[in-house]
Amino acid sequence: MFPLQHFLYLGALLFSVGLIIVITKRNAIMVLLGIELMLNASNVNLVAFNQLNPSALDGQFFALFVIIVAVSEAAVGLALVLRVYHDYKTSVPDELNELKD
Amino acid sequence: MEAVQSYQSTSVELFLLIALLLPLLSFFISFIISEKYSWSVPFLATLLLIVSLASSIYVFFSIWKHEPFAAHIHWFVIGDFHFTIGILVNNISALMLIVVTGISFLVHLYSAGYMVGDVGIRRYFAMLGFFTFSMLGIILADNLLLIFIFWELVGFSSYMLIGHWKEKIEASTAATKAFLINRIGDVGFLVGLMIVWAYQSSFNLIELNSSTDILSWQTAASLCIFCGVMGKSTQFPLLTWLPDAMEGPTPVSALIHAATMVAAGVFLLARIHFIFTNQALDVVIIIGGITSLMGALAALAQHDIKKILAYSTISQLGLMVMAIGAGAPEAAMFHLFTHAFFKAGLFLAAGSIIHSLHQAQHHNNDHFDVQDVRNLGGLRKKLPFTFLIFILCGSALSGLPFFTGFLSKDAILTALQFWKGSEFSWRWFMFANGFIVSFVTVLYTFRMIWSVFMGDEKKTINLSITEPPLVMRAPLAILGFASLWFIVSINPLDYSSWLYTGLHAGKHFHFSLMPIISGLWVMLAFVTAYVIRNKSLQSTFLMNNFHLDRVYDTLIVKPTSQLANLVDHLDRKWIDGFIHGTAYGQVILAHFTNWFDRIVIDGSVDGVAGVAKGIGSLTRSFQGGKIQLYIFWAIFAIIIFLIWLII
Amino acid sequence: MQQYLISLLIFTPLIAALLGIFIPAKLVPYFKALTLFANILQVFFLFQIFNSYESNGTIQLIEKQSWITINMGSLGILKAEYFVGLDGLNLPLVALSVVVLLIATISSWTIDKNVKGYFLLLLLLNAAIIGSFTALDFLLFYLFFEFMLLPMFFLIAMWGGARREYASIKFFLYTLVGSIFILIVMIALYLSVSDPSEPGRLVHSFNMLNMADSTRFISNTILDPHNTWMIGPFPARYCAFLLLFFGFAIKLPMVPLHTWLPDAHVEAPTPISVILAALLLKIGGYGLLRIAFPIFPDAAMHFSWFVGLMGVISIIYGGLNALACKDLKRLIAYSSISHMGFVLLGLASLTTEGVAGSVYQMVSHGIISAMLFLIAGVLYDRTHDRTIENYSGLSTKMQSYTVIVVVAFFGSMGLPGFSGFIAEIMVFLGAFKSNSVNGLLHESLAIVATLGLVLGAAYYLWTLQRMFFGPFHLKGGILESSIVDLNKREYIMLIPLVIAAIFFGIIPQPLMDIIDPFAKHFSEFVINSGKSLTLNP
Amino acid sequence: MNLLNFIFYFLESVAALSAVSMIFIRNVFYGALLLITCLIALAGLYVLAFAEFIAVTQILIYAGGILVVIIFGIMLTSKISGKPLVVEHANLFSGTLAGLSFLGLLIYFLSAQKFNVFSTAKPLPEASLHTFGIELMSDFILPFEIAGILLLIALIGAAVISSSIKSKKV
Amino acid sequence: MEILSDKLELIRMSISFFIPELILSIGILLIILIGLIKKDNLTILSFFSLGILVLSLWFGIIQIRQHVLPINLFVGMIRVDGFSGYLKILIDIGTLLTVLMTWRKQREQKHLPEYYALILAVVLGAHLLVMSMNLIMVFLSLELISISSYLLAGFSFSRKGSEGSLKYFLFGSVASAVMLYGFSLLYGLTGSLDFSSFMHHQMVKDQPLFLIGGFMALVGFFYKIAAAPLHPWSPDVYEAAPMPIVAFFSVVPKLAGIGILSKFILTVNIMGQSAYPWQIIICIVAILSLTVGNFSALWQKNVKRLMAYSSIAQSGFLLVGVATFLPQGIHYMLFYATAYMIMNYLVFIYLQQFESCGMHEISSFAGIGRSQPLSSLFLLIGLVALIGLPPTAGFMGKFFIFSSLWESYQLSGQPILLWLFIFGLLNAVVSLFYYLRIPYYSFIKSGESNIKTNILTFENLLGLILVIGVLYLFFNPGLLMGWINKINFAL
């Protein structure tokens, strides 16, 4: 068994990197990738934590469902990006500002 | 005051009520009667007043030198305290009853002639009736609260009557001023009431009188009530309204601003004399002294015939107040009585001059100020009757022997003489003041009569002037007659007659030299006046007067004052200025508070609204439409939260 | 019918409003008739009430129906009732309301814009006013209290003058803040008291009488007088009292929480100004007398100097402001502020005279201010201009009007013979006496307050002088032909008020008979229980 | 164990490096490829953590599914505009601040945390898949079904959203 | 494998308590099928989705009437209890109203079958969310709601629609990723996904990571109920979405979110033994939401954005009920939720009606008080209820919530509760400004409006029912509170 903390550090790193990407990248698809990273960060955690209680597979199942959700999100997200691209001719989220105060 | 025992006397009660309520009835009738029948108002009102006068006379004779009459009914109850409406008639009030109904009757009669053709005649008589009622209320009321109520009501009727010619801006201004200054005094009166209530829980004069020991609150209470007197009886410093009040119809000036209402203060002081402590009386006499001197001096400098009389009234009231302060309410009441008649006579006589001249002007289409003595002169030929009355009443005012004024002034001077004590003290100045005032009184009275009736005719020379009608002459005659000495005392040199003994049952002070001294003094003044008359003809009189006033001013009022001015000017510039100043100050303050209201309070409300909007614009500034910034702010908030939570 | 009189009083206008919904908006006269009919019915019920009322210091004609009962589990039972009754405090105010509302309806005869909406709102307002005066259940009171806001808001905002929107929003805002303060305390209060109606169970009721009984507080609750719960550095009960005080003081209105009033008055249509001044302001005073003081007697005693001081400030400040006003209605509005200061002063004295004067002042001011606003309305109806400077010498053209104005002005400045005098003198006597009786107010307060009388005289007389006396002329493009004297309808509105103002000034006994037992009981109760609570915390 | 350790750290550093470099690259396409690298490395780590099934799913679904879709997306969105695939950075400071503070916070507390071991029983590799299946159909039947509905909805939704593009084009 | 068969038996038995959700799931499938077959018959679609909702509601009511005790279903994945049952009923009613609102403009709504399917999917997710006892279920059902919502937000098929949709998606994904990370930490600390078992893990109660995980999990819920600081998506999304969807968003996901939030917060609080100030967190979030919602709304000109901020503020009020940490507070929160649902729909029904006349901006409402008095009046009542003035349900709801808050303050003495109490109530004053702007324009401002007056419309009928509801809940809250009180809120 590998040190649990290392998995967790990796998870934290992925999470933070995902966050940075989400906030900084001026491209919707890139943001999507960041979100995927963040989801995977949780997966790393879940799988790692599952090692603490190997008799049950809760964590792994959770990870599985997270992957499924990630798929759906990616599908929906891409569809939305395409739609926005069609409407606005851009995929830069910042440039979508018809809706604002 | 005497020990009081109330007894049931139905006839006295009945006649009292008649005397009291008929003027009120007159008020209602005059008020309600339709425009068409307005000619009947003077008759009805005068008729009612005759009946009232008759009842008063009956009451007077039943009460005078008998037991006082007292009766009351419950008015309302609060907690354990009963507020009552009651009547207390003793000698003082019985005398006042006569004075008020009598002069009121005469003025009604006179007004029937004087006010003929006036559009507001119904209102005029209504308010006269209401005034009489209120005045009687003050006289008869048995408790301070009731007195205060009528006190304010006479102020109200005075307001209405001064402003009777409402189209005249001066009249309405004067009315407002009169009421306001009175209100200031009344506020003091009210505070006095509060003090009395707080310590005695009763307003009843009899109950208040029953506690013999001097209590600490009495000084404060009596001084506060004296504030009311200052307002009503035009004492320094609340005296400026009275000259202005001369804008009202002249009969009103006679009734209200000479004979009765302004004397109500003196009456009140006499009635509640028992409350006053020695300290309070000292204040009273000082105020009275100042007032009398200022009034007298100011009267010297006037040109308007009614204003001369007004200042004279102020001066005489000051004398009465001095008498009160000297512990001689009976002397004050005595002078009040005599003054009421001769001053009313003077006013009505002045009114008849004005009336006649106005009518003459009306015929000739000539317009000049008929009240300005400089425009008049030599009228003794054209108005002999009026001249006679003027002489009679003026002599009484001057205090010439064989006139009532001499007796009553003697009483006051005697009282002052005893009050001042044998040791020299500030009191001596007051005593001297009495003499000075009586001296000056002669001067201005003489000057007035001289310039109106003697000499050559000036602007009136082309006018065909006739004596006023009989309804106006009759009251004049009565009043002129009432200025003679035998009305009050058989002995023309001894004031302690039937009237004086009725006012003061105990031992009288007598200073046998006083009639002689005062007689001589008056004669001296008379001579002086005559001498000065010549100077005045050389038109330096006014200037001399200025110098004289300046001397008095530096001696008495403000030694350090370098501004040598007429007392008249002093009056206007300083006191009026002060009152105006406070009025302006008030208005400025009012504008300031208004501004404060709008800018600061509203502003702070708007400011709160602004802050709300500010918060709103802050909270929505995160809402710029950029989704990544949204995410950042949300994450940022989460981090802040986490850091705060953990650390 | 006897036992449902109050309900009849409250629900008559509601039923009328309900009926009115189904009348088509075109039938304008029907709405007027309907409202008038409801008002007259109310007058009839009022007579019945006076018939069966006995002045003995108790609450009478009580109606009690359970309204909301909710089991709150461990917190006990929440119980709100339909609980109404009348005593010496609210009977005069209810009577005043009925009369003023009737007059307001008559005064509304000239409304021609959206008549249906107007009269329906007026009826709703009517019910809310009567309801808040009679409710003895806090929640019920609060319901009516807040329910006044919306009709009032719309009545000002839809039928008002030029700046009506600003004024109505301001009115709404201020009053809502006040009512939120009250709500805060109401929530805290009902959770702190228990009702003995169901022994063995913890019942939280909104019964105001119950709240005023210090033994009913559940021990260790925040507002329990025997508990010294502090909110910050202040005792919780003091905070609660102050919240209530400010809540009602906004309504009163007390300086410096008053600025909604001049605006609301200036912009509101005449009948609404009348109702606002004559009735709505009284609810502030009523709330203090009914709720704030009896429920927190200890805090009331502790803060009475403050209450009195604020009263005096209101008196002086309102008077000064009135002096500076150029608009007739604004002037009257400020005079209202000044006069309502007397209510505070009298109340703060906690003497029988002061409290009786306070209640008397509410009634008296109700009568006189109604008159004053009607007067302003009469002029406004004719010329659509209320600027004082634009008029001069009106008395020559409008003689009867001038007579009424003089009566109203002098009544308002507290001339003896008018009801205001009795009220004010009682307040003064009470306030001055307070120091020697219970030591709550310093004498100087009463003395300073007397300046209000001078100011009152000053601004009224100055107005009279400027507008009514002097030579007749008009400015500001007012047509001379528009200046005509009072008509019959205006007489009908004004004369009863004139008579009432004079009647209660000369013969105070009938009203005092009703108020007195209350005032006596109130002042004794607050002083006694306040003292006992302060002595044994 | 040494080898395994090496593999573990290797995979970990690959995942970490590829993730971090995603921040710095400016081409979306490379970003997608880096993500694949990262995900595959993660799959390897999952194997080491006894989660073979997850590892397989990860590769199949992510590498095989999602990323293909994403790359399609990249192609589609870049084709029309004709712009290069360069991605600018916005909010660089704030984003970095947020990410790094999160990272610091998490690392700090993760390192300080002692995790409890709840059961020491070793999983049986051969029975794992079997158990997985059974649990999926018993304990996790509801999530399983819901996941199905979720996918269906996502599918339909994505279809509707993209179909509207066509309909608009025509 | 006895255990397995036991489990299967349990699962089989669970089905009978799962009928509403089953109906919804089948409904989703069927409606897609119907949409494929009968694409043009829109009325059938609406009818069908109505039918499904009515059935679901019916069984939901039966369920809540029959089962007073909580029952765990699907091996502890979800639990049927009174609390969730009640929220499910509210959710169903809300959706019903949404469908009715859609019905009025079904011709304008493109892709109606998918639209209804997505709505039903949200309802299903909401049902599951409020019943969830397991983090997996929470995550899945939340995502079900979210993904369907992302799609629904774009159903106006306009530029703005797609923009709002994408923004919603991006924000929501990040929020759920954060939540998921929190879940993973919680799982690691407790070794269990069943969050009701957290309270058996006493040792975690004072560990900072537990706080971090718990808070990150809460972020997801805050996002779902649009509570500050996770609110910025909502104005943009609301502005972009069709009106029925806006109404739907402001009620259904919010109720589901607040349901799971109140369950979750009580478990992480571990019966008050947690070392961390969960109560204060909720209080602060409530205060923030009230502030942001009310104050930002002051500036709005667009009706939908206004209502978005309003719903943020209303989340704050709902959170006040949760912040009491008392069972009674939760009950009152349910009462307020009911009232909120009714008044919110009342407002939205009329906003939709007026929107169809081309009124998007507040200023365009000028003068409709004259031309459409009844509608404006009902709208006014709805807005007054949202302000929380008597005599409306909104007042009673706030009154109850703040009562329990006071009680909570009395019990705990936490000053923040007092601040929340005062601040929350005073917020009504702020809200007055913007809520009254619509009636202000419609009644007071005069404006051109040439809309024909028709009193007997479907909206007015629906509105009347809701108005009666709003008033009834004020005058007799005892009835509803009686039902709510029967709910045994315990974990």
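Just so it is clear, A, B, C, D and E label the chains in written order, and each chain counts residues from 1 on its own.
Criterion: a residue touches a chain if its C-beta (ideal position, glycine included) is under 8 Å from a C-beta of that chain, and two chains touch if they have at least 3 such contacts.
Because the structure is predicted, anything quoted here is derived from the model rather than measured.
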| item | value |
| --- | --- |
| Chains touching both chain B and chain D, listed by label | A, E |
| Number of steps on the shortest touching-chain route linking chain B and chain E | 1 |
| Pair joined by the larger number of C-beta contacts - A-D, D-E | A-D |
| Most widely separated chain from chain A, with each centre as the mean of CA atoms | B |
| Most widely separated chain from chain C, with each centre as the mean of CA atoms | D |
| Chain centroid nearest the full-protein CA centroid | C |
| Mean-CA-position distance for chain C and chain B (Å) | 39 |
| Centre-to-centre distance between chain B and chain A (centres being mean Cα positions), rounded to whole Å | 96 |
| For chain C paired with chain E, centre-to-centre distance based on mean C-alpha positions, whole Å | 42 |
| Separation of chain C from chain D, taking each centre as the mean of its C-alpha atoms, in whole Å | 70 |
| For chain E, residues contacting two or more additional chains | 136, 140, 143, 147, 150-151, 154, 162, 165-167, 170, 174, 178, 188, 191, 208, 212, 235-236, 296, 299, 433 |
| Chain D residues counted as touching two or more neighbouring chains | 90-91, 94-95, 98, 102, 105-106, 109-110, 115-116, 118-119, 139-140, 143, 147, 150, 153-154, 157-158, 161, 164, 168 |
| Residue list for chain A, restricted to those that touch at least two other chains | 8, 15, 18-19, 22-24, 28, 31-32, 43, 48-49, 52-53, 61, 65, 69, 72-73, 76, 80-81, 83, 86, 93-94, 96, 98-101 |
| Interchain pairs in contact, sorted by label | A-B, A-D, A-E, B-C, B-D, B-E, C-E, D-E |
| Interfacial residue positions of chain E with respect to chain C in the complex | 326-328, 331, 370, 373, 384, 389-391, 395, 399, 402-404, 406-407, 409-410, 415, 418, 421-422, 425-426, 428-429, 432-433, 436, 440, 443-444, 475-478, 481-482, 485 |
| Residue numbers on chain E that touch chain B, as the complex places them | 166-167, 170-171, 174-175, 178, 208, 211-212, 215-216, 219, 223, 228-230, 232-233, 235-236, 276-277, 281, 284, 291-292, 295-299, 430, 433 |
| Of all residues in chain B, those that touch chain A in their complex | 620-621, 623-628, 631-632, 635 |
| Complex interface listing, chain D residues touching chain E | 105-106, 109-110, 112-113, 115-116, 118-119, 134, 138-143, 145-147, 149-150, 152-154, 156-158, 160-161, 163-164, 168 |
| Complex contact set, residues of chain A against chain E | 8, 11, 15, 18-19, 22, 28, 31-32, 35, 38-39, 41-43, 45-46, 48-49, 52-53, 58-59, 61-62, 65-66, 69, 72-73, 76-77, 80-81, 83-84, 86-88, 93, 96, 98-101 |
